[in-house]
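Every chain is named by a letter (A, B, C and D) in the order it is written, and numbering of its residues begins at 1.
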Amino acid sequence: MSALDKLSVIVWNEFVHERENAAVRAIYPDGMHATIAQALRDTPALGRGAAPLDIGTATLDEPEHGLSEARLAGCDVLVWWGHKAHGRVDDAVVERVQRRVLEGMGLIVLHSGHFSKIFRRLMGTHCSLKWREADERERLWVVEPSHPIAAGLPAYFELPYEEMYGERFDVPPPDETVFISWFEGGEVFRSGLCWQRGHGRVFYFRPGHEAYPSYHDAHVQRVIANAVQWAAPRVRIADVCPMVPAIEKLSAKDVSFQRVGIVQKAGD
Amino acid sequence: MSALDKLSVIVWNEFVHERENAAVRAIYPDGMHATIAQALRDTPALGRGAAPLDIGTATLDEPEHGLSEARLAGCDVLVWWGHKAHGRVDDAVVERVQRRVLEGMGLIVLHSGHFSKIFRRLMGTHCSLKWREADERERLWVVEPSHPIAAGLPAYFELPYEEMYGERFDVPPPDETVFISWFEGGEVFRSGLCWQRGHGRVFYFRPGHEAYPSYHDAHVQRVIANAVQWAAPRVRIADVCPMVPAIEKLSAKDVSFQRVGIVQKAGD
Amino acid sequence: MSALDKLSVIVWNEFVHERENAAVRAIYPDGMHATIAQALRDTPALGRGAAPLDIGTATLDEPEHGLSEARLAGCDVLVWWGHKAHGRVDDAVVERVQRRVLEGMGLIVLHSGHFSKIFRRLMGTHCSLKWREADERERLWVVEPSHPIAAGLPAYFELPYEEMYGERFDVPPPDETVFISWFEGGEVFRSGLCWQRGHGRVFYFRPGHEAYPSYHDAHVQRVIANAVQWAAPRVRIADVCPMVPAIEKLSAKDVSFQRVGIVQKAGD
Amino acid sequence: MSALDKLSVIVWNEFVHERENAAVRAIYPDGMHATIAQALRDTPALGRGAAPLDIGTATLDEPEHGLSEARLAGCDVLVWWGHKAHGRVDDAVVERVQRRVLEGMGLIVLHSGHFSKIFRRLMGTHCSLKWREADERERLWVVEPSHPIAAGLPAYFELPYEEMYGERFDVPPPDETVFISWFEGGEVFRSGLCWQRGHGRVFYFRPGHEAYPSYHDAHVQRVIANAVQWAAPRVRIADVCPMVPAIEKLSAKDVSFQRVGIVQKAGD
């Protein structure tokens, strides 16, 4: 990929709250996906190697949820927001997304996406946590300032109104922990976590309750923009499980072994 | 759990090769599960905290594959061998096993079990690899001599006849790498890998092609016996995702926020 | 090691504050080491494999700081508290402790020990952090309830008065994160961290400012007692860097190579 | 850093073998540092974000080993080869290099540099291994094909003549394992390992015995070129351990606590 090649990004949103709830619609009139996509357009990339973006969106109600085989094949990074309608996401689409991640596609899972089928499938765990909706202040601390996802951020940033998520977050040990959140009500949460799965990168980012304007926040937008660059594919390798010939010459052997009486060799 | 409490272990085997193939039956007349179970009975546990074992077996053809809700509820560590019949394992049983692992049950996955439904589900990846059946010598190097699974082992041990598995092994980054294999034909493989998933421990151990007597080997038996002790549950915690009250008093706030014009606070 | 073998534990304390400051002495009349040692005697061990303890203490002013070659040779787990006098610890003793850890001895580093020579040497980093002394409430959240160091603990526990330590804590990525602290003043901290170094285990535990009675707290005592059991040696392996003969027969080769013109082989 | 900014690279070599031994000099007439530096000039960078390089060298016999405070201050990535003269490297220079790594500078340690003062100091372990000089074939397997250091490499590559290094390699658990080597004589070795220390990245790469032409090999050159790009600084943060004011208002408290009778609060 040359430095000029664009990254193809799809922002996926179930887009249910915004249509059913006027308060949410007031914050995100065109849906959270539209706000996030616009933020990605408006947030200048930081750091060497940052690629220009070609940004689209997709939602639950589109055919194949907007994630056809052909469209996903051309996608470099997928951003995922879901909450009420996890169960309505087609298993075939989930499997397709998983396969693309394992081939190298990046995946950014936001907030209540912790319970999405795709995230649970990639993690292999329940992905449960403690929660509370109480108009609460969240302060996100950067614990790895040198991580590309933290580029351009201060030592911490605050969100004045957020849903609380508390530990223990039931996910596999992350490869990297970028943010830890402090909540006004007394909890902590590992709120920015990185994993490699197959050849792809997965980032979970905590903020983004639909009832609050978190995706209008400049720091949150910076994190998502950085994460898209970080999750950009390095390779594209389809799954194979090949039978391969020996590289070295194998010795001739007596294979008329018996199950008893074999004395094995071992070393100090 | 007191030091005297027994660990309840189930050795699960699809038990197909042994009934269909006389050469395999000659090595494992009563099935690999019987050989492994007997080895666990005969291998004295090493190290502080080693518990006595209560060992049973289960196979594919039993009702619910021998893994009913009640039986799994009482199981501390499950050992898994499968190859030809992965697809015949019921998804409901797979989900049940996964839930028990996430609650704290240990899982030891052997050899061709890398492609079992339960292993792939817990890993979230394809779990593919390179392979070759060529009566080949494998030498397993201990790379973490202090790991409990390596207790009592020499610096390396050999298996004179094994199927080759080669890198890249498509699994998530392991928490610990206990063994790396050298193959006569020129490949290497991370052949003893540890992961925590939920509250349970998972160990993958490479050797054990059905056509070779690997489960009669004393070093292989030592590894499995050690792994059972290592994987013993430390807790039993059922999945919950609770709404919780605030611990600290929350400040009164003006929540008539607008999506624009919020000035966030951040720190150096 | 049999289940009946005792673990030999040394609680080391620089023992300066308690002698210079009446307020500290009021809390720890015989020194923090005495309080911690007594707590280890009084806290019943939890879990399978818990060993009885043989507990001693050592302080800075003793010859060789109470850590002679002979005494360290018989030590299984060393607990370390220091603050004002890090610079007075002899480099030869530090090197001796490091060598024992790499051989398999466990090391528990407490609170201001983050800046001790031995901890910085084992970590390879500065081990800096943010701090504040303000009689502040700390709440420690258990993020790995299945970890042996968390055995017997509730979901969180509080210390009403503690010094604040805040992120970023400049340590290498930990193997396991057992606790994360919430502070009243707004910070978070990874307050219980595990690393393996060589064949030994290292645990850092945050609480324990000398001006507060944290080591009289039952939860803190439980953590230290659990950590001692967790850090118990699994092996004892002295450092070697041996020249070894080939195991496999090496092929005869033309080694009259030139630096140019070599065509290497590679594989797909 | 803009995409056009050059990375400043220093290739450091003790430069002793080449002057004392005619056979080594025949392979590396101007020193290994000259060969590696020229290879970095000649190897086109791969991947998005690859920066042009400004390459210099430094050797043991220069004042301050060519690593003055001023020169290191301007260095982005340091490549290190040493073997016979580790003990002659000045501790003050070692500490300077360590401080720069912790601030964000990249460090690539080659082959016998595993025993260098700087590597051992950053690792905190002995860094021992098994070894043998026997004109032996080494095959390096790529275990993380998506890692930037593996860009452009085949599934494996071979070196026809190398010194053998065998496990156990006494280093801390790596963040990432990029290569594992197979040796003709029967050993394996984790031969490409990544760690973060402070804000800097460290990569250890195994090949490069002075008696063999490994640094003339195109695959080896590709790895070092990739590693330089991977290790490029993301930040530059000097060490501080600041006292900080509280962000949140602290409650007024009775601090006339006594060491007994405090009842702590804890939660489920």
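By definition in this document, a residue touches a chain if its C-beta (ideal position, glycine included) is under 8 Å from a C-beta of that chain, and two chains touch if they have at least 3 such contacts.
This structure is a prediction, so every number in the text was calculated from the model and none was measured.
*Asks:* Return the chain pair with more inter-chain C-beta contacts, choosing between B-D and A-B.
*Replies:* If we tally the contacting C-beta pairs, A-B comes out ahead.
*Asks:* Taking all residue numbers at the chain B to chain C contact, is the shared part over half or under half, that is, same or different?
*Replies:* Since more than half of the residue numbers are used by both chains, the interface counts as same.
*Asks:* Farthest from chain B in C-alpha centre terms, which chain would that be?
*Replies:* D
*Asks:* As a quick test, compute the distance in whole Å between the mean CA positions of chain B and chain D.
*Replies:* 34
*Asks:* Averaged over CA atoms, how far is the centre of chain A from the centre of chain B? Could you give it in whole Å?
*Replies:* Once rounded, the distance between the two centres reads 26 Å.
*Asks:* On chain B, where are the residues touching two or more other chains?
*Replies:* If we look for residues of chain B contacting two or more partner chains, we find 139, 145, 155, 166, 173, 175, 186-187, 196, 247, 267.
*Asks:* Please name which positions on chain B make contact with chain C in the complex.
*Replies:* 1-3, 5, 47-51, 104, 139, 145-148, 151, 175, 196, 199-200, 232-235, 237, 247
*Asks:* Could you please specify the touching residues of chain B with respect to chain A in the complex?
*Replies:* 26-28, 98, 102, 115, 121-126, 128-132, 134-137, 153-161, 164, 166, 170, 172-173, 175, 184-187, 195-198, 212-213, 216-219, 239-248, 250-251, 253, 255, 257-260, 262, 264-268
*Asks:* Taking the touch rule as given, give the residues of chain D at its contact with chain B in the complex, in rising order.
*Replies:* 139, 141-145, 155, 166-169, 173, 176-177, 180-183, 186-188, 190, 247, 267
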